[in-house]
Amino acid sequence: MSVFRAALSRELLVLWRSPAEIINPLFFFVMVISLFPLAISPKPELLALVAPGVLWVAALLAVMLSLDGLFRRDQESGVLELLLTAPVMAVVPVSAKLLAHWLLTGLPLVLISPVLAHMLQLPDAVLGTVMLSLLLGTPALTIIGAIGAALTVGLNRGGILLAVLVLPLYIPVLIFGAGAVSAAVDGGAVNGILAILGALLALTVSLGPLAVAAGLKISSGN
Amino acid sequence: MVWQTIKRWYHMLGSPRYFYTFSSALLPWLTPIALLVFTVGIVWGLAFAPSDYQQGNSYRIIFIHVPASSGALMGYMAMGVAGLVAVVWRMKMAEVMMKAIAPFGAALAAISLATGALWGKPTWGTYWQWDARMTSMLILLFMYVGVIALQNVIRDPRQAARAAGLLAMVGVINVIIVKYSVEWVQTLHQGSTLKLVGESTINPAMKYPLLISMLGTWLLYAVNVLVRARTEVVWRERRSKWVRKLVKGGGQ
Amino acid sequence: MSQPSTHSDAETAPRLVLEQLSCERDDRLLFSGLSLTASAGEIWQITGANGAGKTTLLRILVGLHGFYEGVCQWWQPQWQQELLYLGHQPGVREELNPLENLRYACALSEQGGDPMAALAAVGLQGFEDVPAAHLSAGQKRRIALARLWLEHKAVWVLDEPYTAIDQDGVAALDQRIQQAAQAGALVIYTSHHQVGDGVRRLHLAHGQAEVTSGGLA
């Protein structure tokens, strides 16, 4: 456990000292959202209709793009080899890294989402659902995306390849995340959908880090 | 005793050389049988099965569409199993299989989508409908593309196979969840989905040719996988004595 | 599996056995038929031209590279507990200062000891809280080398430890490696620099591996 704590504080420190990694996904999220009223129509009723999907797709892309460099610098600097040859199970420091990454890149998206939802003319009553769905969904997106990042770490062509690998895996989370917000807008029952989203999160949290660690080992040549 | 037998089979299965010999013996039989079964199923379905009282003759595309869909789905599942064996037990033949399964499966998924669209035009009035099965098949095709893309960018063939294997394992879990989530979307949006032919109500005169063409497609898939795997095995083992001997023997 | 502690003379206990080890990469045979037994207290120097497979061999030994034929066997199942591995890259993140980098490495490898003293031993006193981005290549390398001055591990695997190190540093490193071997550690390293007398040498060239036992007086 002490390894986890040491690794967590180290990961938070590294991210904190490269603020672009934290700020860029957040700005990407805001900018993509602001494209839609310009591209579709600023009419409130139209925006409110597409808002759940727009919010979720933008959040999903922001998370995915933030993951592109998740392991790259650790790989280039040799830290990854240190991690994989350590006596502790690789899944421990890897989990710490995923948690730190979500806290500093995923959580800000959740926190800013009510503002953006409001700008997309969603009623105030659904802002809670927007935040809750993203709170349950973005960690799952981080972990699933990290599997792709682990498998492509040494390949130097990140970006598009990562998207090709990861986007199909994001679909269930997207469906239930955006579905929860849509249901809230329609005044339907939301708890059941959020529960499914929670179940998906539980599944990814329990199996995902193992897959990420396995992916890193494979990428290192094992 | 049983355990010993299983262990021996496992080692035989895992041996590239044994695989080559075994498939050499199997293919001359399997290939004509597969072609025959497939032809019988398709010809029976397209030419001799009765026409549907609602859809007329346009329904006949199911004799291609349904076998292709089932083959694509089974192929991905098989890839997930091969991936598991390759990643966890490091079996070389499973790595070979990983690579051999993907292309035909992706082609079947594409065929399934194309025939689905052709069928959709007379049935739905549009080529594309975000129907649960069509959407799932589209995502399955995306996942095949992911596996193939990953395999192609990693230079070391063993590493490529293991990376793709891990992706396929995650993908299999995803296929299952996608299926349910896409069906759930339909209920949420109460879309204009038209139920396709219900499996339980299908006329036996249509069912048998369908089953036969499905079997034929699977057998053809198996032949394709074996042929691809043999090529890959020979390439991988090109330095070994048995392949050198084989090449010499064939050259004379 | 022989327990090194049960041996009367721990220094001659075999630690690593390679049998018919061969590895092929990008369609090229790096080495084949490599067999050797390395024991506690020995120093092994691995030499060879660039691209001869030195780094790959070390990566196989520490379990990072799994695509090889043959046997690579350590003396105990939990050998990773006793491994100190220094990779080709120093494993230093530029965002962190030397102390933070070293602490993370210690946490991962469960290595005890005084990080401040270790940094001082490699000549980094006064630089403990300077971000590694502001340090030279040699200084970054020294952060990684500081791990050698922490708690002892039974096996040292070092990939080019002498790279970018100045003369004083080389002398200190020589001394440290010999000290470790005398204390019973097995040290395996790649470099053209010979630590001292009695070093066993493994030369990789043209797909062949040649062992020349040292022992020059």
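We call the chains A, B and C, going by the order they appear; numbering starts again at 1 in every chain.
FYI, a contact is a pair of C-beta atoms (placed from the backbone, for glycine too) under 8 Å apart; a residue touches a chain by one contact, two chains touch by 3 or more.
Since this is a predicted model, take the numbers as computed values, not measurements.
Of all chains shown, A has the CA centroid lying nearest to the centroid of every protein CA atom. Should one ask which of B-C and A-C has more C-beta pairs in contact, the pair is A-C.
For the pair subunit A and subunit B, the distance between mean C-alpha positions equals 32 Å. Taking each chain's centre as the mean of its C-alpha atoms, subunit B lies 47 Å from subunit C. Rounded to whole angstrom units, the spacing between the C-alpha centres of subunit A and subunit C is 38.
Residues of subunit A found to touch two or more other chains are 221. The residues of subunit C that reach two or more other chains are 66-67, listed in rising order.
Multi-chain contact residues of subunit B (touching two or more other chains): 156, 159.
Subunit C makes touch with subunit B in their complex at residues 24-26, 66-67. By the touch rule above, subunit B contacts subunit C in their complex via residues 90, 155-156, 158-159, 239.
Across the complex, subunit B meets subunit A through its residues 87, 139, 142-143, 145-146, 149-150, 153-154, 156, 159, 162-163, 166-167, 169-171, 173-174, 177-178, 181-182, 184-185, 188. Taken in their complex, subunit A has these residues touching subunit C: 2-3, 6-7, 10, 13-14, 17-18, 73-74, 76-79, 81-88, 93, 220-222.
Residues 144, 147-148, 151-152, 155, 157, 161, 164-165, 167-169, 171-172, 175-176, 179, 182-183, 200, 203, 207, 211, 214-215, 218-219, 221 of subunit A are the ones touching subunit B in the complex.
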